[in-house]
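Chains here go by letter, A, B and C, matching the order in which they are written, and residues are numbered from 1 within each.
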Amino acid sequence: MTEKAWMLLLEGAWVTLWISGLASAMGLVIGLAIALLRTARIPVVDQILAVYVSLARATPLVTLVLFLFLAAPTLGLSLDRYAVAIVALTINTSAFNAEIWRTAFLNFPRDQQEAALASGMTPATMFANIMLPQMIITSLPGLVNEMTFLLKSSPAIAIIGLVDLTRVTNRISAVTYEPLPPILAAALIYMVIISVLLKLQSLAEKMAGRLAM
Amino acid sequence: MSDLPAVEIRKLSKSFSGVEVLRDIDLTVNKGEVVSVLGSSGSGKSTMLRCINWLEEPDSGSVFIAGQRIGYNSDKQRPMTNREMAATRARTGMVFQSFNLWPHLTVSQNVAISPIKVKGMPKAQARDLATQLLEKVGLGDKAEVYPFTLSGGQKQRVAIARALAMSPEVMLFDEPTSALDPERVGEVLQVMRDLSGEGYTMVVVTHEMEFARMVSDQVVFLDKGLIIEKAPPEIFFTNPASERVRRFLDRQD
Amino acid sequence: MSEWSIVWEARSTILSGLWLTCWLFTASILGAFMLGCLMLYLLERGGALAWLLRGFINTMRALPFLVLAYLLYYGLSQLGLRMNAVTAGLLAMIIYHGAYFAEILRGSRLVLPPGSIEAAQAHGFMPGSIFLHIILPQLLLRTRPLIGNQLIYALKDTSFLAIITVQELTAAANAVQATYFIPMPAFVVVILLYWAITACLELAVSKAGIFGKARGFENV
């Protein structure tokens, strides 16, 4: 493979990384917001969120990306491809993250909550200072795992013509007529990125394990 | 044929990562005999029992099941194949301290599956056999339930029926009552007593002195991997040769 | 309202996409499941092959599904191995999800108490028989929820095959919207179909829990 081809691959990797990274970050926050709203059990809102989570988890990313790309203009929204990709990935990952956060919330030890309230904290203070820090640590392994899943589904954005790390291999082989080397090289780059995430996950598991002691 | 001992252990040695657990064990168990194996915890009782059916492979020495050497094909001068090993193991029955029933199978299937899969017995015949053996251990009404619903004593009786289903030459028991609630011990010992009455050959690792005294033909005492006493119960319990056994017996009461 | 009736008019396209998705999904999870069990058996036997398989499974777990599909569809053609998109897609599904099934079963195998296997050895079972009659059934009862999740991932991964030109459900939605310019209803219908299949899978997997429950396997 030529130097040019490697440069293209790295550009593709960059597209994969920043789109997935941004969607992951937004998905973390939105997921937490959904989880908190759901624990409040507001009628109607709770049902709507439950349906949202269930639908978003069941919809393949390819379908979602294509849907947003084609349907947004009919609703008068003009989003460029990148925006569509980010929104779709965020919708997808926030639904999975919401379930992870919610589990952490529901499993939070009751006695700690009682102790905090008994010592005069308001529920908001208790949440911010007692619950959230621990929920972050216990959820971290699941959240990192979800990032890995998001990264592995991110090639879905190729369907609207974005040139990510997978799609770029087509670009390269269109010139060289040799598809195998760029695909194998892309696979290698994915393996490097994902092994970093797996490393992070095992670190997160150690931290969570220490908290459980 | 009938003169051959059910189990013969010759010069058996075994170590785990350099630590000798069994040293030069010699033991003969004749057909119809009940041998109790006593000894404090860690003395090598389980390891000796597990060497008899090669669940543990000894470092040296040999074991014969009704005249057939296990682990080594004497005719062809090579280690046994998986198939030969399985066929030889099928001639022994083993009952574990922790029952080890197969949790995904019903009680009746637990008893019937080995005759079906190992011996190729027709299914209907194996089911009849299971029914009959479960009656024998007093669990005829439990045939269709799954093991997790049973008490420890019931589980152990199923495990005994399961081993009997293979019509083994010898039954090996590894502390069959140690994991049981005290009030459940009696029902299992009763089944074992019945088996000895019917002439089954048994090797029983146990801490039940009363059982060893009343039922066995020979009592063997293991200490740090050595057999230091081998005697009929009348002599073993009243007039043991070694000081070590005397101290062990004193502590029991 | 008329847009929705167009979808109804175009139902044969959607249905043929649905049929292909269901067919690909069913064939590939059956194949993947058998491949996963086979890999587990080979892992059980150990040796160099087991070592290679571990590497293969870890590789699959570090790759997006689409990369494997690309490799089989575009990559292998360079070596003269040309497959049509459906064959390549099916093969990719079987290999990829087979590795994930193997990993699920392996994880559970590591924590399976050894007692039930020793008992089978003591009763004279052969290794293959132990695997089939003692180990595998217990692993399946223990891993039901994880297998259920994997089924849903597999269903969703079939949509990637639209990118390598397989005319499955997502491609069908695209075809309908491109012909009639009705992206909204076409995709809403297709997303609801995915949702319905997922719901059926979840229901089936949860119903399958009765096998485990009857045997005392829940919460192990």
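Convention: a contact is a pair of C-beta atoms (placed from the backbone, for glycine too) under 8 Å apart; a residue touches a chain by one contact, two chains touch by 3 or more.
As the structure is a computational prediction, the values presented were derived from the model and not from experiment.
Between the chains A-C lie more C-beta contact pairs than between any other two chains.
Relative to subunit A, the most remote chain by averaged C-alpha coordinates is B.
In whole angstrom, the spacing between the mean C-alpha positions of subunit A and subunit B is 56. Centroids of subunit A and subunit C (each the mean of its C-alpha atoms) stand 22 Å apart. With centres taken as mean Cα positions, subunit C sits 45 Å from subunit B. Residue ranges on subunit C touching subunit A, taken from their complex, read 59, 61-67, 70-71, 74-79, 152, 155-160, 162-163, 169-170, 173-174, 177, 183-184, 187, 190-191, 194-195, 198-199.
Note for the complex: subunit C touches subunit B at residues 115-116, 118-127, 129, 133-134, 137-138, 141, 214-217. The touching residues of subunit B, counted against subunit C in their complex, run 53, 55, 82-83, 86-94, 96, 98-104, 113-114, 117-118, 146-149, 159, 162-163, 166, 172.
Taken in their complex, subunit A has these residues touching subunit C: 54-55, 57-64, 66-67, 70-71, 74-75, 151-156, 158-159, 166, 169-170, 173, 178-180, 183-184, 186-187, 190-191, 194-195, 198.
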